[in-house]
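Note that the chains take the letters A, B, C, D, E and F in the order they are written out, and that residue 1 is the start of every chain.
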Amino acid sequence: MCELSTLTVRIGFGKLGNIGSAPLLEFLLDERAERKDIEVRIVSSGAKMGVEHAVDVAQKLNEFKPDLAVVTSPNAALPGPTKLREILISSKVLTIVVSDSPAKKVVQDIEKAGAGYLIVEADAMIGARREFLDPAEMALFNADLFKVLTVGGVFNLLWQEIDKVIQSIQKGQAPTLPRIMISKEKAIEASGLNNPYARTKAMAAHEIARRVADLTVEGCFVVKEWERYTQLVAAAHEMMRAAARLADEAREIDKAEDMILRTPHNDEGTALQKRKLLEKPVKPDIAPH
Amino acid sequence: MCELSTLTVRIGFGKLGNIGSAPLLEFLLDERAERKDIEVRIVSSGAKMGVEHAVDVAQKLNEFKPDLAVVTSPNAALPGPTKLREILISSKVLTIVVSDSPAKKVVQDIEKAGAGYLIVEADAMIGARREFLDPAEMALFNADLFKVLTVGGVFNLLWQEIDKVIQSIQKGQAPTLPRIMISKEKAIEASGLNNPYARTKAMAAHEIARRVADLTVEGCFVVKEWERYTQLVAAAHEMMRAAARLADEAREIDKAEDMILRTPHNDEGTALQKRKLLEKPVKPDIAPH
Amino acid sequence: MCELSTLTVRIGFGKLGNIGSAPLLEFLLDERAERKDIEVRIVSSGAKMGVEHAVDVAQKLNEFKPDLAVVTSPNAALPGPTKLREILISSKVLTIVVSDSPAKKVVQDIEKAGAGYLIVEADAMIGARREFLDPAEMALFNADLFKVLTVGGVFNLLWQEIDKVIQSIQKGQAPTLPRIMISKEKAIEASGLNNPYARTKAMAAHEIARRVADLTVEGCFVVKEWERYTQLVAAAHEMMRAAARLADEAREIDKAEDMILRTPHNDEGTALQKRKLLEKPVKPDIAPH
Amino acid sequence: MCELSTLTVRIGFGKLGNIGSAPLLEFLLDERAERKDIEVRIVSSGAKMGVEHAVDVAQKLNEFKPDLAVVTSPNAALPGPTKLREILISSKVLTIVVSDSPAKKVVQDIEKAGAGYLIVEADAMIGARREFLDPAEMALFNADLFKVLTVGGVFNLLWQEIDKVIQSIQKGQAPTLPRIMISKEKAIEASGLNNPYARTKAMAAHEIARRVADLTVEGCFVVKEWERYTQLVAAAHEMMRAAARLADEAREIDKAEDMILRTPHNDEGTALQKRKLLEKPVKPDIAPH
Amino acid sequence: MCELSTLTVRIGFGKLGNIGSAPLLEFLLDERAERKDIEVRIVSSGAKMGVEHAVDVAQKLNEFKPDLAVVTSPNAALPGPTKLREILISSKVLTIVVSDSPAKKVVQDIEKAGAGYLIVEADAMIGARREFLDPAEMALFNADLFKVLTVGGVFNLLWQEIDKVIQSIQKGQAPTLPRIMISKEKAIEASGLNNPYARTKAMAAHEIARRVADLTVEGCFVVKEWERYTQLVAAAHEMMRAAARLADEAREIDKAEDMILRTPHNDEGTALQKRKLLEKPVKPDIAPH
Amino acid sequence: MCELSTLTVRIGFGKLGNIGSAPLLEFLLDERAERKDIEVRIVSSGAKMGVEHAVDVAQKLNEFKPDLAVVTSPNAALPGPTKLREILISSKVLTIVVSDSPAKKVVQDIEKAGAGYLIVEADAMIGARREFLDPAEMALFNADLFKVLTVGGVFNLLWQEIDKVIQSIQKGQAPTLPRIMISKEKAIEASGLNNPYARTKAMAAHEIARRVADLTVEGCFVVKEWERYTQLVAAAHEMMRAAARLADEAREIDKAEDMILRTPHNDEGTALQKRKLLEKPVKPDIAPH
């Protein structure tokens, strides 16, 4: 019964560029700033993700002496993100790469290097054309994407996998780093959605979000005529908005049955569980479910 | 006509804890990672915002030798945020504080210290009760809040004010740091919304978002019975969801008239302008309207 | 088992000006015109609420010789409403004041005078500016407000409190007049909503409706520039529309679980109860709940 | 240019029972309580509409010495409403009957007696079955109906016709009392809706509302099995909710074009006109339209 | 337990013109193309429904030697549809007429001739005016109508009645041909909707769809001024869109309770049953319901 | 000015199985049954699409002696559809194949054989699993798909291409048969949507619909565990419902601007044009656009 949180685990987040999985990632671990078992630092170079940025970010992270590093970026196969994780890995820091679909081509390299990865297929590239993407459009795309990733279970999977590593470190065990391609089925499994139609709606949202990338890639890298690519990336963002609406619909269904799964972290870093709004969260091993 | 971007401005973001204005702030300045006129670093201690975190974050930021520091936190009157800005100011770094309504009580101090501030009234406190707030609920609240802050003009105001300082630095002028309480009317003015009903809907969204804080503060700090406070903070998040829906409705109206204002940054850091989806953005001084 | 409704209670409604709680109030007591235990008269001066109107309305009501008077008006602290209740009280008529938030400043006076009160906080002032408020806008605001007050429990509380007084009079007991500030929590308690998310949505609707008054008061009494106040009151009405939508959403949730509470009055004035659509209403003491 | 409002017109509203056109009728004439050209009294017997109620209401109205009486009730062919108007007419009071479709069978009688009428076809009977209709359901039905009657032009037609009579009286002319069956086409003409699809949506709402009565009449008077009639009247109210949603959609379309017609009364009782939200209302003869 | 499907029943569909019940009718019998117990042919003359078309269609159908003929058309009282069924009946083919409300005037004739009928009251005439109805509007009207007919139970009733006849033929029994006016109550009974509010919403959708015909008939045959009839038929289609939305809402309610009735045909033509999404369909006699 | 429609073109539709493009196809050519320039027959074997069905359908079509045959089926590469078109082509009938994405593998064969094709990429396979697909689910999927294909321009493209061939035949010209893969951009071009956001929404709907096939193919042919494939096909149908909603949203935007393109056929088979609801359609060469 006596759980001594004898070790504070130090987690360093290194962020290069932006993907939907990144901006809220550290808060997913400690949503009410209550955890006493972790100490967190984030270092980022903002939108830029060059090799020189990677070096600088890695260095600052290393100065924090993290037990665990989580590095986020689009396309982890690019030189910058590659450099970032290489420096960390060579510094003997446990490293988890969080990235999007284009990163699939380096997951074997990552694995060989002894690092973990969480590849978020639904974390689609934004429609980054100057005729279309301004600060407002960027923020709205992220807001829609957050809804899909949250309700569809991706965010759950991210923090749960990181939490597992934290717990291993705390217990002095050799952590098994996660190596997961987060597909629609894996995500929905982690979503905790109760109603089966809520689950299928969230899965539909996931799939639509994933397919957003088809249009943004076509619009950003294939089509050259500006009138055409502007429409393609605009259509892609409409897809994401539709996906967010489906995700919202899914969650509302679980609300209507008072079956929203809530998994708040307590101050020791344990994710408690509850379903009914008006009940107390309990530790998972004693949760009815 | 020849605009030499001779100076790269170094901007350091120091983030303690989370407010809705923070997670996407650096990307609002450079939404497509194209700007060559700025170099950005973010250092954050995640959810925690103690004095010791502030000291560490400030030190790392100072090592970056920023021309401008932007510090974000809830309630800038707390010891941690206070320490963070004090260290930066005493290091002669131009500093802008971005915070929420409780920070109003220190804006005079901030001004006296020579720093700037952007107080975002609509950036309401989250419903941080363990019976309610888990990672998913946290992420959804932020997604809804981002919609309100984006459509309602708050995000525009944030990046525009920071851009002004950047431009002054680039031109070698002594920058005037912003000192603004971002009220509903100031925000809507910055929103660029065209249709007057879109504007009133966005203003309604802003006001609802702002009033979310009444319920979360009551739920987190005043009411002690857990069944009561759980309902209060849950009602607060429903308010935010309703506000996000209103914001979305506002933007859809401008879409229906093909009058969405887009202000993409070019690689020199100038915010271009356009209204029609199928037109090229131009520099503001030659933009019609 | 034999309930003799020996006494027909005479209820006089005196209405000065309009608040959302007033237009349907008498029908809330007798929604299908079946009750044999009450006799009702309404006298009103329409939109006007001067002292001379109050005197005339009071006189006509007195001629009806009511056992109970219910007087409705905005801001019961104004001279007209004050005169109306004073005449009735001085005529020894049991009097209940139904009014909105500005009436709070006279509730102690009302209590001292021996009258009751029901102060409806969510009954927000309309956006009464000539540039904005026309007959259509007035009617739509009231329709939205009715939805919030109905679903959120305010209307239930109003008729239940009046019914209690009627029952006391019928039984020959000295009635305890209601003295209630109808807050969000009291209202939701009376709403009969079953699903907890329906309740939090209705509470959110209540809170938004209540805050409408902040904008209408600012728009009608504080701001002088017509472009500004027109937008403020228009934003206020958008808030009310959003609140009505939330209220509707709340009720739809209870429909989806077939748990709508229905409390039809029978011809003896007893409010029966039922939850399932296809069941008969029964007297509360035998209702399962 | 000098319009002397030399005469204050006294208008008495006599209300027996409830129809959707009644509760807000006096406020449609004076939505901001500004008019100085009219003096208004309402006398009502609430939900009951017996002959004895009619006699009492008529007597009280006569004491007010109205220049014009407006009597509202369901089915003006019933003995109570008939008695009410007969007393007023025999007292030489100009009388306008406002009623619903069943009143059509007495419009010739009303005309012969020298009175006017406004028969509101869309003002459908409520689903008055004890298994279904409680205070909340009654209030929601009215709220939905108000939306349909407002947006669809019925309310406009009501106050405009009464205003015409008021103006004739003020000018000392012999008023022509309105004798109108308010059909879907007449209503939409009065709605002021600008966009043609807004108009067709509002007409659809009107028609659905009108057809609500088919189901409520069947449910209240034809079908005897309680499970069947409960479903019929519940379906009828769902129709009204769908109609209200269509009406709302219609108005939102005109908002999206900034073309909402607003016709606020000024203090002399003239209905001004405007379309754009941010313009001043003007007298109709100088309105551009 | 051994069900030998010894006989393949040959079903010929003869279609003249279009009604909403026709385009998917054969697929309602065999939605996954699995049934081995029926052989189906459809012959149609498209939009045209003259006597000469009828003769040709009938002849081609007869060549197929159907055990059962199902003939669909608007207004089965017209010469073409009449001729079609007369030829089939005189060829001793069991014949079921599927038509809309105007067919009611010939149902006695149909019965006397020994044929069956299924009259779909909600299958409202389209708004067939050249100023309004183009291919797109036609397709959208049908899509909306399909939703109403599906969710509201009409389609279920159609295939179930045809299935009964098929089964009788297979068993060598003399089939009882259906003779049903499909009213709102009969349809809802067949809908399988579980939640009572889902049922009342679907009934409301049915009733609105049925009333669409009032406006299309008025717009197509009564009103001569093109501006007026264009608005009438456009309003009618808005009614159908509103009805489709209600139908969708009804089904979503049953989804939220995981109670959607599914009745897939197996390869022997038996309609299995299930309610929960994640359960196997079973034969009706062993379905729990 | 004198357009003699000297030739009636005979069009035979041969339908095997079902795709979304098929059930309304003949009505798209003659939506109000007014055209005098075409004579149409449809022969279909319903859900089945075997070679023996193809032979029978082809034979019956040939008896009609069509000038043009349009054959519809899923996957035109299957033996049945192949046989159907081969018989027609060998009978010297001009033949157009309308099919879905799997047909791409035979378009070269079709071309070589001298036939035309219209491959509808968005015409996604239905979720044909017995645990999921029943008659109701089938009908609803088609209704949603019709909305996407209509608003997104696919249906327009289908009838316009067929109309072109008809016109060539009428003029005695050698028709150029269409050979088109209907992609998202080609479809939107044909949609006639006016507002650019309406276009991007419709394109998003098109893309989502197209991607439905990924999940239905996976669910029907790849995944073997019934709980998994049931969820996959259910998610696919939720995607289609979301796509239909987007399509509806797109059309509503054009309604709000009174810019719906309408292209009704006149009795000579010419597609007229109009945009404003209250204007007369005119021949395209005199349409202002």
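Details
As a working rule, a residue touches a chain if its C-beta (ideal position, glycine included) is under 8 Å from a C-beta of that chain, and two chains touch if they have at least 3 such contacts.
Given the structure is predicted, the values throughout are model-derived calculations rather than measurements.
Common neighbours of subunit B and subunit F under the contact rule above are A, D. Separation of subunit C from subunit F in touch steps, taking the shortest path, is 2. Of all chains, the one whose mean C-alpha position sits at the greatest distance from that of subunit C is F. Of all residue numbers that take part in the contact between subunit B and subunit D, under half occur on both sides, making this a different-residue interface. A rotation of 180° superposes the C-alpha trace of subunit A on that of subunit F, rounded to the nearest 5.
Spacing of subunit C relative to subunit E, judged by their CA centroids, is 49 angstrom. The distance from the centre of subunit D to the centre of subunit E, with each centre set as the mean of the Cα atoms, comes to 41 Å. One inter-chain figure worth recording: subunit C and subunit D are separated by 22 Å, centre to centre, where each centre is the mean of the chain's CA atoms.
Shown for subunit C are the residues that touch two or more other chains, namely 196-197, 200, 231, 234, 256-257, 277-278. Pairwise chain contacts present here: A-B, A-C, A-E, A-F, B-C, B-D, B-F, C-D, C-E, D-E, D-F, E-F [touch as defined]. The touching residues of subunit F, when paired with subunit B in their complex, are 195-197, 200, 253, 256-257. The touching residues of subunit F, counted against subunit D in their complex, run 255-258, 260, 276-278.
Only residues 13, 15, 17-18, 23-24, 26-35, 39-49, 56, 60, 63, 128-140, 142-144, 146-147, 149-151, 155-156, 159, 226-227, 230-231, 234, 241, 244, 251, 261-266, 271-272, 274, 277-281 of subunit A touch subunit B when the two sit together in their complex. Contact residues of subunit D toward subunit E in the complex are 184-185, 188, 196-197, 199-201, 203-204, 207-208, 211, 214-215, 228, 231-232, 234-239, 242-243, 245-246.
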